[in-house]
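The structure's right below; bear with me while I get my questions together.
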Amino acid sequence: MESKRLSKLPEKVIIPLKQHKGTPCVPLVKKGDKVIIGQKIGDCKDDNDSSVHSSVCGEVQSIEMAPHPDGNKVLSVIIKTNDSTETVQFSPKKNPSQQELIEIIKNSGIVEHYGVPTQSVLKPAGKKIDIVLINATSSEWVGGKFSTPEEYGMQMIDALKLLMKAAGASKGAIVLRSDDAESISAFERVKFEGKQLQVSPLIGNRKIGYYFKDQNSDIVVVSQKRIYGKSILNFFTYNVTGRKVPPGCVPADVGVAICSVKSAKAVYDAVNEGKPYYETVISLEGLANCPSQVLVRIGTPFKDVIEACGGYPAESGKLIANGMRTGVAQYTDEVPVTKTTTRISFQKPEDVQRDEAIACTHCAMCVDACPVELIPSRLAVLSDQGRFDECRKMHIDNCIECGECAVICPSKIHILQLIRYAKNAIEKAYEDLPQKESSNLKLGCACGGE
Amino acid sequence: MSETSLFTIFMEGVFIKNFLLIQFLGLCSFVGVTKDVKSAAGMSGAVVFVMTMASTASYLLYTYILVPLKMEFLSLISFIVVIAALVQLVEFVVRKNVPALYRSLGIYLPLITTNCAVLGAVLLNVRSDYGFAQSVTFGIAAGIGYTIVMLMMSAIRERSTLVSIPSSMRGLPQAFLLALMLSMAFVNYFWVIPI
Amino acid sequence: MNPTTLIIQSVALLGGLGIAIGTMLIIASRKFKVETNPLVDDILNVLPGANCGACGYAGCSDFAQRVVNENAPINGCPVGGFDVAKKIGGIMGQEVSEGEKEYPIVLCKGGINCINRFDYIGIEDCKAVMMLSDGEKGCNFGCMGRGTCVRACPFGAISIGEDKLPHINKNICTSCGLCISSCPNGILVFAKESEKVHVKCRSHDKGKDVKAVCTVGCIACKICEKNCPVQAIKVTDFLAEIDQNKCTACGICVEKCPQHTIDLRGVAV
Amino acid sequence: MNPLSEFIRGVTRDNPIFGLVLGLCPTLAVTTSVENAIGMSAGTAFVLFFSNLFISLLRKQIPSTVRLPIFIIIIATFVSIVDMIMEAYSPSMYAALGVFIPLIVVNCIIIGRAEAYANRNGPFYSVIDALGISTGFLLVLMLIGGIREILGTGQIVTFGHTLISLPVNPSVTTMILPPGAFLTIGILMAVINYQKEKKRMRGE
Amino acid sequence: MTFTISAPPHRKSRINFRYIMWSKILALLPVSLISIYFFGIPALSIILAGVLSAVATETAIQKIFNHKLTIKDGHAVLIGLMLSLIMPPEAPLWLPVVGSFFAIAIGKHAFGGIGSYVFNPVLAAWIFISSAWPRFMTPISIPHVGQLSDFLLENGAGLLVDVSPLALIGGVYLIYKKYVEWRVPLAFFITMVLFPQTLNVVFEAVGLISSGVLNPLKYMSLIFKFLEISPELPYSMIGTVFFGILFISTDNPTSPVTKKGRLVYGVICGLLVSIYGYFGNYVAGTFYGLFLANCLSSFIESNTLPASFGSEGKLGKFYRRFIEKFPSSVKREVLFDDQW
Amino acid sequence: MTNGNRDFLIIVGKLVIISAVAAALLSITYIPTQAQLKENIAKAREEKLFEVMPQATNFEPVYGDKIINEDGDKEILYYLAKDESGNVIGYAFFKRQPGAQDIIEVAGGVTSDFSRITGMSVLSHSETPGMGAKIVEPAFKDQFKELSLNELKLSSSGGKVDSITGATISSQAVVDALSSKVESIKQLEGGR
């Protein structure tokens, strides 16, 4: 599947200086400055931040607080565009060393879809990564810039090699979704080290380690059931590698780095073409005349994307960034596409579900649906009553925010929202209280406390 | 002396003559200390302990002092004094020697002096002409019956904090309606089963 | 049996029992003495000591400990009633302060007068709305009327009225301040009973922006500042502020305000 | 403090069952009939009267460290007296009330009033208080007993006289069994709570 | 352009409470119709009286206390229907009326309405009226189960619901569609089957021991006794019991929410019902046993809360310690796949 | 003497004084009530004896060996019921038996050939009203009139006594009391 570049150049782009988790970048430009494509306009303060580049040529109109698709306002550079296609000098680098690779990633401003800059995923301070996973399950087959499936497969594997090199990891895997026939076929056509690649399913105890041995290879392609979720990483790590990440830890603590297809592709481009991360592929849904995927410059307001794709099908409705399951509904279409945007969806008013929540009937459907063995209904009630301490005792931190509970709830309770509310309150109240509970007896994880 | 078998006395004490739901003994603690499972368990532990001790002590007092001296009419006053002293003594000893136990159980001890369950068990023992083993068995059984109901009730009330209850039902009315249901279950289930 | 013998015997028996038990207990209490917080003992002495459990705690000593260590309510003993509560208050130094009583007031008149930027589906809570966006009202400083304060109030003193603004029932309010700390926008503040005039807006937006979203917000027109006979009002950062020390509650600003933002307490506007 | 208001307070605000929530065990256990309710409250009233009187008389002499044992002894004495008198002069009532007559000794009403009132007030007011509380107790017991008896048997029979007899005999056996006691008191308390709530809503 | 916002997820399942309630009512229709066919007008009038009284009570309560009317969600109808179905056909008409009133007023609304009650209103009402008026609530006949055809259509004995266990097949469909959950009924059913069989074997064994039999082969043959259908088994399969399994035990608010808890609850339901049924009768046993199980359900729930995801359970820890004592590389590889 | 020890003595002294006064008070009440109680019991027993054996005109107690009080009264095992001419027509007795709640004291009579129960009456009980308490009602009591000893069982175990609905324990207690006492009288009479 091929995705087109957005036909129309937006009048202005809004480039948020914070497109990752962490502190906002320091703007390098000021009002009235001329910028060109690929020019660095925001510099990161330290290794855990990610720099920002201009995606258009034009003039900086202002630097002010502007809406962000995550729901709040952040400091953004607003650039009035002109038609010039002038770019900075791209300098590809052949065969970079590990250190150089990290530098390239950092300077190109590559960010994972969950918001962590790629370089700090690959090389976290004080932790050793020994396996790199490319997660192709939660974001779609972002085939935008790949003209053929073979190209996709080859590039992904090359990108994985680069990532492994950058992380100093010995093993790597690409995790596909088992119902995504297109991607699977794309990989099954690829030959790797002289062998035909096999997409191996992860079932039961056959975790990824089994396939490393079975296929006698350091790089494997596996497939698994689709899982959603905002803080999915720990669960994903367990599902793929069988390594348990203790509560309060990140996959890096057990030596796992997780990258998305998009960032892998961006790393590939940054190394092979020298291009910084200034445009991204997003998929669209529910618009009047809607191609499934478009290539969009970062900073393009949603309004322009939607207008270019035929406009709204209805007068009002729900505009959602990043998918129906975990995405954020937008109250304005003036928000820009950012590095972490994967999808823009629109729901007509008649599709918007407005069921009134009634009391929990303890039907336990959410308990059955929860992939991480929580009792969402009880968490929701506790959160509703403000009993956050008890939420914590019920392991609310384990929640991956997949939303299965809220989807299935017959009482139509906003379970996920309540859980996130509680998590938010707990985060505020317990900022200085690190989790001391470790469920992992074997790995002796430094942050856990065995 | 009554010739009822120990097993029958035990089953009766736990279920058929359940102190809380059927005999209405110890209701103050039943509505007061069942707000969470932990306190209920602590209270029940203390009751089982004191009930057993009190059954033993009062049996000895009654059979070896009051009856030979023909002073049965002093039984009530001496029982209550003995129970109070016993509770106090146990509290002192536990607090000094086993602080951990005191923290989990000791704070419930003073409540027991005025808990009619304990005095009730002692008086029922005397009235039923139970022998030594029977008295102690009845004491333990009554305590266990008390514990079972306290745990059930406190778990239900703990869960009830999660749901919405009409404001005028909150607190005691709800506790009594729960007791109604528990009592209906006990009365109907156990009064028919032959032992 | 001879009545005299009976009496002598029973007196001897109970007296003996009394001596035995009294001695035993006093010896035990000396031997097993454990130091406790004197405050707890003080409270224990004023408590009824019935250990009835009516307070919901495990007996009087538990209640006394909870009062000292865990801030249990000092009026928690239903047997002792008000007298005991007063005495415990004396011990704990929790006497209700003698100063003028302060009540929370709502510094926003928006409610239905303020436009909604979007349509919200979800849990009824201001903080939850804040998590999804900067709030649903057009004004970023205004009351969202989703009732976080209502639920924060343990006494049920707050209700959301027809105008989608919280209303505080002063008869029930205990000035605990929980609503004030719960409000994500800081709409609720304490005000003394004697402070009569308040600018019921917190918006620091420019007048034009305020007018676009709200019909009763402060537009920083400075009319009040000019008209105040005692110069108690000052507009800073696009918002009028009243110096309560100077204000004489003359009501001129209330009349002059074009947006009817300023309220004189006790006077319907 | 005037005697009448002290007396009325015992019936209304400090009502032992609905106000102070004390002495639940006898309330539930012996209210199978009005007759038993009267017997029980008479016994309790007797004990309460004398214990309040004596404790308030002796309150200056009682060392505070052992006041509880002394209270218990005083109360137990009067309970024993009631026990013996009832056994001798009213054997049928004694049989019906069973173990609950001696259990007056651990009834929180008595020890609670001893602590909260008699220990702080003079004999006159203590006696008034005792009378007020006993009246409150009697009324509540009669109410619960009346409801249970009339629903359970269809009539109220007190001391051999049939006071009320319903034309239709509902005989809801459950009402006389333990569950009936819980049901009655639960609903009564809910009604009282509801009234209080309504009052509070009206801003009183 | 105004947008709507809400927290994710933005697409939810269409099944709601009302839908589930009406499906339950639908699932109960066959048995209602069959009982009307067998018992005639009395059955019809009992069902009508029960349902109408339930709806009227709910409307009255919600009107008086200014609550939102929730008749449409079908819960009151369901309660009325379920209560009517467990009445004997000979019951006077005021009985279902009073029962439904008790179920809705005390059983449901006094505890806070949907989701808040801890005790199944239907059970509570049934037990209340049957202990208040035992002579009206005792069915004239108890279903006789002699042969297989009795299972299919026990034409007219016992309670309304006793007409045939087969008529309750709708409940199985509900479980299949996952409108109600499966753990409780399954555990319940298995316990119900195993209990009389096990008791059979135990009695036999006790008999053998007390008669001093030493031949081990005789004890071995007890295994076959287990497979032999005990005379009590058919009685534990009557309509009332199935009604309890499929409709009462699966009532959500009265069963634990944890996965483990639901299994335990099912087993306890089965045990309590079987014990009462074995020594008393299965009709009353179903209701009394389930009601007692309701009392326990909160306790079960609070003791089966799941541990933090990924942490090892007690069994797992034990297993691991056990395995580590006998280091066998092959075993380790299979057991702990993360060891690479 | 230290201050602490003095306090201690005062406290113990007060405790003792109070208990002594209490004991004195109690024994003063005890004496008259005990007398009344004895009278009551004697009266009640006599009434019951005539109720269970209406044919008899006087009852002669049979004393056991056990002395029950210091006045030298011996335990009364049972009564010989005599008619006007002084012939023994049967035996009447009392039996204490634990019921559902508390002890039930049952009065009963049996013919001299131990073939029939002449009647049953309940002296004291504290069973649940409405259920167990129905043992005092004629409907239950009359079942025992002229009841053959072989049929002295609950109907559920093959006898002729219909138990009270929901109060099997109380009914069983009454039946047990009668049958066990009759058995013991039989043995005692046989031994004489």
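Note that the chains are named A, B, C, D, E and F in the order they appear, and that numbering of residues resets to 1 at the start of each chain.
As a working rule, a residue touches a chain if its C-beta (ideal position, glycine included) is under 8 Å from a C-beta of that chain, and two chains touch if they have at least 3 such contacts.
This one's a predicted model, so the numbers in the text were calculated from it and none came from an experiment.
Enumerate, in label order, the chains that touch subunit B and subunit D alike.
Chains that touch both subunit B and subunit D, as defined above, are C, E, F.
Comparing centres built from CA atoms, which chain ends up most distant from subunit C?
F
From the C-alpha centres, identify the chain that is farthest from subunit B.
A
Please work out the Cα centroid separation of subunit A and subunit C, and write it as a whole number of Å.
44
Just curious, how far off is subunit F from subunit C if you go by their C-alpha centres, in Å?
Once rounded, the distance between the two centres reads 65 Å.
What whole-Å value do you get for the distance between subunit B and subunit F if each is reduced to the mean of its CA atoms?
The answer is 28 Å.
For subunit E, jot down the residues that touch at least 2 other chains.
Only 2-7, 106, 110, 112-113, 115-116, 128, 131, 134 qualify.
So which stretches of subunit F touch two or more other chains?
Expected reply: 11, 15, 18-19, 22-23, 26-27, 30, 34, 70, 101-102, 166.
What are the residues of subunit B that contact at least two other chains?
23, 28, 70, 73-74, 77, 81, 85, 113-114, 124, 127, 163-164, 169, 173-174, 177, 184, 187, 192, 194
In their complex, what parts of subunit F are in touch with subunit D?
My answer: residues 7, 10-11, 14-15, 18-19, 22, 25-26, 29-30, 32-34, 36-37, 40, 44, 101-102, 124-126, 128-131, 166.
Using the touch definition from the top, list the residues of subunit E that touch subunit C in their complex.
Within the complex, subunit E touches subunit C at residues 2-7.
Name, in rising order, each residue of subunit B that touches subunit D in their complex.
21-28, 31, 73-74, 76-77, 80-81, 84-85, 113-116, 119-120, 123-124, 127, 167-177, 179-180, 183-184, 187
Would you tell me which residues of subunit A are touching subunit C in their complex?
Touch list, subunit A to subunit C: 71-73, 316, 328-329, 331-332, 352-354, 357, 384, 386, 414, 417-418, 420-421, 424-425.
Touching subunit A in the complex: which residues of subunit C?
Against subunit A, subunit C makes touches at 117-119, 121-123, 125, 127-128, 131-134, 136, 151-152.
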